[in-house]
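Next up: some structures, all given as structure tokens.
Both of the next two complexes hold chain A, though its partner changes from chain B to chain C.
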Partner chain A sequence: MRSSADKRARLASFLAALAFFLSAVEYMLPRPVPFMRLGLANLPILLAVDLLPFGGFIILVVVKVLGMSLLTGSLFSYIALFSLAGTMASALVMRGLRLAAGRKLSYLGLCVAGAMASNLAQVALARVFVFGPSARYMLPAFLGLGLVSGTLLGLFAQLFARGSRWLAMVGEDAHGS
Partner chain B sequence: MRGAADRPGPVRRFAARFGATRLDAAFIAAAAAAFIASAMLIYGGPSSAYAVVSTDSGEWVFPLAEDREFVVEGALGLVVIRIEGGAVYFRESPCKNQLCVGAAPVSSPGQWSACLPSGVFIRVEGGAAEEDEFDALVR
Partner chain C sequence: MDRKAAAAAARASRREAWERSFSPGALALVGAALSLSLLLMPSPAARAATLAAAAAAAWASGRKLSPILTVSVMAGIVGANLLVPLGRKLYVWGPIVITEIALREGLMKAITFEALVFISKACLGSRLRLPGGVGRLFASALRSYDRILAYKGKIRPASFIADIDEALIAVYAETGDTVGAEPASAGRKAGDPWLILPVLAAIAAALLVP
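And then the complex of A and B:
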């Protein structure tokens, strides 16, 4: 029988691989607006809020950003920094809210809050490093996109979570160990 | 047997289907309120008249009423911007992904277009009174 640490390591690896795969899917999808992303690759991070210990969770975030940056060829540009700031802000907000609110908040609320945090962090970086005060003109568009993409992904995550026997099983493992 | 009055409304049925909670609804409402408030604050200016082009090396203001093409220095090299038919857009950019060149022209106040790799930002601002007073300004 496998140890719980072994199971957690395998689960973290699986979620990282899933994030990498979903990054590739997201990269292939056409974007109606240049900055618009659905954030599919954030789904494993959303699920990991309840499945991985904090250290493994942060490693997953970094691996997701590295994977996505490798795929898009932006690893050694400041676009990777935007991606890291957005994903990290989103992940920490989702993790913090789960700690604070527990099950009163479903994946839907977590995902909306995470998407808004991610987009706010990216607008803040754009203001500091690229566009200066003009960056405020990006804010409503980014908040609107965050609301739409967060809601869609959150609804999908809820449907998935309610129907997935795999998630129920790994969830039991994560909380039982 | 339950009467029609006892049947849950569409919002409750939707929430039950997805397992959404009251706190979820509160977060979505707060996010929507933040979006609407920011849009009203930032885009709720007077009617459109000119394009403001920001780069690392400065800020230029061009009236949208007059067609013209101009070049600014971006982080990667020269960026060609065109004003045509009251709208402004990126015509050429040395950036790799060319998202800025593919973006639609912008013409209304509050609209913007940006080339992230080049660090060039175009926004449309209002002020019909200023429209006829200048050919171009450097800020």
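And then the complex of A and C:
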């Protein structure tokens, strides 16, 4: 019989695999605006807010960023640093909001807050490493794109969560263990 | 064979040769050393030379590169840095003012940004196995990823959510005891000893070129 730690490790590695896959799917989708990403690969992080304990949740974030940086060959570049800062900020904000507001906050709300936190963290890093003081001119555009992509991904997550048999199954597994 | 297919075949053949020559662990260590050396290089010329060498290595490794994207990202970084004037005026054209320090800083940042990207592309790949618990989790995630990829053709835009759900149920059931499995070891390759040369050159450029 599987221990609960084994089940959590299995679920965390599977959610990371799902993030790699959704990242590959997103790569094939056309972008309405250059640099705008829907952030499909963040869907497993969003779902993990309710599925994994805090330690497993942070490990998932690290494995997702590390894995995607290895697969795309960007681990030693600023891109990986931006990705880690953005994903970590978004993950911590979503987790904190779930803790504070409980189930009153929908996936849409969590996702919009996460996207804004991610873009803010990335603009802050861009100010230090790439754009200098000019980064402030990009802030409104980045926050606007974050609002749009966060809303779209949040709506997608709500649709997925409503109809997914897989999510119901792993949810029972995670909370039953 | 059309041009795209020919280019993909050429990339695959370069990637095979690269993987035959260098082990993933040695390449990752060299990539880390080169990235650190690059950040310590005070000379823009040395950084530009590193950028050129790293781009050549990324090409030789069989990675897909886009010169248009590289140039547009670099132009964007330089342009953004020019928005805040800094230093002596070099050129004024209507509202556009190009200043010396802003231009130099922008170029330095753009070169560094892209050089790090090319070093990563040349030195990293999915063959790399990380040590420890996170490494085992990562290796397990890669195996699940391969299994999910097998369902890619069955996921249609019209029934995207239902198709993904079916794939997830099927693959999740297959991922039995994979997390504890040991990652594969890649072993040493004939080209590994030669990898010390670019590291020495980069360290020399960081320490000796003003």
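Points to keep in mind about this one:
In this section, the second predicted complex is superposed on the first by the 171 of 177 C-alpha atoms of A that agree within 3 Å, B and C clash if a C-alpha of one lies under 4 Å from a C-alpha of the other, contacts with A are read in each partner's own complex, and residues count from 1 in each chain.
Heads up, the rule we're going with is that contacts are C-beta pairs under 8 Å (C-beta built on N, C-alpha and C of every residue); 3 or more make two chains touch, one makes a residue touch a chain.
Keep in mind the model is a prediction, meaning the values are calculated, not measured.
Once the two complexes are overlaid through chain A, chain B and chain C clash, as defined at the top of the document. In the superposition on chain A, contact of A:Phe76 is made with chain C only, not with chain B.
Of the two partner chains placed around the shared chain by superposition, chain B and chain C are both touched by A:Ser134. In the superposed model, A:Phe21 makes contact with chain C only, not with chain B.
In the superposition on chain A, A:Lys104 makes contact with chain B only, while chain C stays out of contact range.
Using the contact criterion defined above for the overlaid structures, shared-chain residue A:Val112 touches chain B, although it does not reach chain C.
Set side by side, chain B and chain C differ in how many residues of chain A they touch, and the one touching more is C. After superposition on chain A, the chain C segment that clashes with chain B is 109-117; the remaining candidates among 1-9, 19-27, 109-117 or 199-207 show no clashing C-alpha atoms. When the two complexes are superposed on chain A, the residues of chain A that touch both chain B and chain C are 73, 77, 79, 130-132, 134-135, 137-138, 159. Remark: chain A residues 6, 9-10, 12-14, 16-18, 20-21, 24-25, 59, 62-63, 66-67, 69-71, 73-80, 129-135, 137-138, 159-160, 163-167, 169-170 touch chain C in the complex. Listed in rising order, the residues of chain C touching chain A in the complex are 31-32, 34-35, 58, 63, 77, 80-81, 83-84, 105, 109, 113, 116-117, 119-126, 128, 130, 134, 137-138, 140-145, 147-149, 152, 155, 161-162, 164-165, 168-169, 171-172, 175, 178-180.
Residues 18-24, 26-28, 31-32, 34-35, 38-39, 42-43, 52, 54, 96, 99-100, 102-103, 110, 112, 114, 116-117, 119, 121, 123 of chain B are the ones touching chain A in the complex. The part of chain A that touches chain B in the complex is made up of residues 34, 73, 77, 79, 101, 104-106, 108-109, 112-113, 116, 126, 130-132, 134-140, 143-144, 146-147, 150-151, 154-155, 158-159, 161-162.
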